[in-house]
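Below, chain A partners chain B and then partners chain C, in two separate complexes.
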Partner chain A sequence: MTAFDLLLAPFVEFAFMRRALVGAVSLSVGAAPIGVFLLLRRMSLMGDAMAHAILPGAAIGFLVAGLDLMAMTFGGIVAGLVVVLLSGLVARTTVLREDASLAAFYLISLAVGVVIVSLRGSSVDLMHVLFGTVLALDDDALLFIALIATVSVSALALIWRPLVLECVDPGFLRIVSGNGAAVHLAFLVLVVLNLVAGFQALGTLLAVGMMMLPAASSRFWVRDVGAMTAVSMLIAALSAVAGLLASFHLSLPSGPAIILAAGVVHIFSIAFGTAGGFVPRLIPAPHRAN
Partner chain B sequence: MSALARPRFEAAVCFENATIGYDRHPAVHHVRGRIEPGALVAVVGPNGAGKSTLMKAIAGLLQPLSGRVVVEGCPRRGIGYLPQQAEVDRSFPIPVFDFIAMGLWRARGVFGGFRRRDDEAVARALAAVGLAGFERRALDTLSGGQFQRVLFARLLLQDSPLVLLDEPFTAVDDRTGDDLMTIVLGWHREGRTVVAVLHDLGQVRAHFPETMLIARELVAWGSTGEVLTERNLATARRMTEAFDDHAPVCHEDHP
Partner chain C sequence: MTRPHLVAAVSLACLVASPAAATEDPLDVVATFSILGDMASRVGGDRIRVTTLVGPGGDAHVYQPSPADARAISEADLLLVNGLGFEGFLDRLAEASGYTGPVVTAAAGIVPVAAGAGGGGHADEHASEEAHGHDDAHAEEAHGHDDAHAAEEAHGHDDAHAEEEHEHASDDGHDHGPVDPHAWQNLGNALAYVEAIAGGLCGVDPKGCADYRLNAESYRAEIAALDAEIRDRIAAVPEERRAVITSHDAFAYFGSAYGVRFFAPQGVSTESEASARDVASLIEQIRASGAKVVFVESIADPRLVERIAAETGAAVGGTLYSDALSGPDEPASTYLGMMRHNADAIIAGMQGGS
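Moving on, here comes the complex of A and B:
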């Protein structure tokens, strides 16, 4: 088998592989930087919670319109935003902290979602919602994923300064701009949008993987938040390509293969990352004079 | 009077019978008085006296339960405020340069471009706090004293008419404390209004012309020599710290 057969032929010969490639790489560009900020804000598990929270919206869309992309997407966005806003509201007006109220709302939301799906659909449909169909992305889905990635990257560039400041020194942001809540909210909306985009391709459960795994890996290679977003995008895109190829050659399910590829990169990063990896720490280096 | 002769900074703070606290319980009540433009004021009192609460009220982070705290000559967002425990996430991966440059927020805003002279301003601020060449260092590699210097560099860049410092010299060594005190005196010379919460009475006597002694209420306020007497300090020490959930309504306003 030549390198061409191994690396390029699947994409050259099969249109569905090309579509999957475009979808997965777009997703990487949008979701990975969001993951970096979730990670740095110590909200790594928040992506998980949100992914569950969008389920009932998608399920209601499915119930109303069948396997219609726009209906499920719209439902997912609405459900995600409702959970984010409700938990934000409860956190700011009551004694409950945001993580606790988020956990409460997403669990309710998840239960509602599973009930709705099982009322109408078969378990095949449920699997479809939970694990996605990266090999069956149609034009609408591709455009949608690309649109979200574009919006997400542009929005992140626009709110970059206050977002970084809100992470590093929220008290200072409150003084100089009077309002830190707006940027926090804008960021949460971006999280929801990217998860909804991801669940087209990877399903609600694995969409988070595309967000968090490359972000967590990037921390082992660079020490600057700007560089981390770039590295995480690169890792996510590489994982997408590697996962799709593995899925093609070894007949693995494509969504999990992509996340597994990101997982392999992550474990490699833990071991060999130059900025805090395990092995480089073991190598004795004489300390400098100053 | 010509424009040149007018002082550049004219920030004053006016307390109009201000009571400040949390959940109806006053941390410090019925404060009246005025901090004049260009004053260098030390706020002194035992733990739990309401010093930090008072600073938060001046910074506009806390609404008084009653009365008013009015800041004149300085927009609220222009106040330079150094909290006692800055909520800084020092593990966040950004270099010292980026952190200090946030001091230019008022001048550059969310989108404003960063110019050559901004780079130079940041470098000057770093040099002023004795950290020249630290631009590319990550925040988590700094010692406690170095980080306090970094916070002062950011305050320098903020260029505020009104500077509020909440225990700025706690947990730093003498040399750092002296260096930072020099910066504070520089602000005073430039005509900025500076209010600082301090514990070191020797330092207060040496450098601060005016002192506010508080213990849940104003004990004494005036020139440092007249305020820091044994009698006043003893009064301040007798203050009760505990919040009583069933405390009666304060009747000073409702006789």
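Moving on, here comes the complex of A and C:
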């Protein structure tokens, strides 16, 4: 098998592989930087919570419009926004912390969703219908992912400085500027958009995995937030390519294959990462700058 | 065709069913999914009250039992299951609900096909075999149905079994791995299902046995008539065009019974996720086989199938019903309606496009 057969032939021969590649790389560009900020805010598990929180919205979309993807996705975005905005507000105005308040609201939301689905008396698995696969990206899904990636990168650029400040020193931001809450809410909106777009196009595992795993790995190589976002995008895109090729050549399910590729990078980073990895820490370094 | 015969059978069934039931409390029968439920209500008529656990449009692969389901089972006089591993949830549910009554396994009398054996290479052998064999099988069926009426029912059941064995002889090497549970997609197997259901009802309600037998006979006649009709119509399609793509591999029995090759991007369960290799081989297979039509099933994600259709130039041919009946206002609200709808759609798809 030549290098061409191994690396390029699948993409040259099959349009669905090219689409999968474009979709997964777009998701890397949009979601990985969001993951870095979630990591810095200690909200790494938010993605999994969101996968459940969007159920009532998707169910209402289903009740109104039947098995219509746009209606279900729109409902999911609305439900996700309600949950994160409510939990963000509660975290800022009461004693409850954001993770606890998010857990509370997503559980309520999930329960509401299950009740709505059961009222209809249908056991169609809504989430199975709503969550897509990277192998079945049509033009709409690709445009949707690309649009969300563009919006989230542009928005991150706009709110970059206050967002970084808010992560590392929210007290300072509150002194120099009054819009800390607004920045936080804008960020939460970006998180929901990326996750729901990812669920619809690629499935839960891939959407959450591409957001969090590369971000967590990047922390082992660089310390600067800007560098972390760049490294996480790179790791995510490489994992996407490696995972798709593994899925093609070794007949693995494609979503899990991409996430496993990112997982291999992560374990390697834990062991050998130059900024806090396990092995470099064992080596005595009298002049370590950090 | 057997139209007059069929009409006679139906009116006979109506005559028999109505006077018998009026006086007694109906038997409570729980069927695990909508297709069995429909068959049971045809056989039982007014003497039974059927509850289905997975209703029309539901997916039995991802079904979650509710307390109402457990109560329905605990109060049932008879529990009808498909068997062949279709109802993975049932053992625990029956145990949890404390049900100790009789369980009828509808597919007990059929010869199962190994999971995933429907698509690809085997079907070719079947196609040619069917072209010769179908007249015989039909004739045998027509007799079997008269005989069974006179003789003990257990024999009618065995006939259907023997016939299946004969048809699937070439598949018997596939006894490894789990079997494909979607046996009702072959109308020939449905004859055995109806026998099993009638036998089960007779077991718990001997007084109604004559009614059940009579209803079962007329129902079997309808099934056999539709079976023969579908065989004739598919035989009229040129063999190289009898290739179809679906989104979930539920049509192995249909394919081997009627000589149609089915290709599916997923495994037998709607839960498994396709790999890029699976999709790529499927696309290569379709390009090589010349299939011109792709069907989106009622319960699975249509996007993958649409993607494959776009990449191979095949047309998207509407909805096939595999594991569940449709709602009452749609074409597939009964088992026979479902089989007719599927056959119509498949035949139209294979003939259309070029």
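One rule holds in what follows: the second predicted complex is superposed on the first by the 246 of 290 C-alpha atoms of A that agree within 3 Å, B and C clash if a C-alpha of one lies under 4 Å from a C-alpha of the other, contacts with A are read in each partner's own complex, and residues count from 1 in each chain.
Operating definition for what follows: a contact is a pair of C-beta atoms (placed from the backbone, for glycine too) under 8 Å apart; a residue touches a chain by one contact, two chains touch by 3 or more.
Being a predicted model, the structure only gives us computed values, none of them experimental.
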Chain B versus chain C as contact partner of A:G180, first or second or both or neither: neither
Comparing the two partners chain B and chain C, which touches a greater set of residues in chain A: C
Touching partner for A:P162 - first (chain B), second (chain C), both, neither: first
Which superposed partner A:A257 touches (first chain B, second chain C, both, neither): second
Touching partner for A:M228 - first (chain B), second (chain C), both, neither: first
First, second, both or neither for A:P214, with chain B first and chain C second: neither
On chain A, the residue positions that both chain B and chain C contact, one per complex: none
Residues of chain A defined as touching chain C within the complex: 10, 13-17, 19-20, 118, 121-125, 128-129, 132-133, 135-138, 141, 203, 244, 247-257
Complex contact set, residues of chain A against chain B: 40, 158-159, 161-162, 164-165, 167-172, 174-178, 219, 222-225, 228
Residue ranges of chain B touching chain A (in the complex, touch as defined): 59-61, 76-77, 79, 81, 83, 86-89, 92-95, 98-99, 102, 105-106, 110-111, 138-139, 154
Contact footprint of chain A on chain C as seen in their complex: 54-55, 57-59, 62-64, 66, 270-280, 283, 299, 301, 303-304, 306-308, 310-311
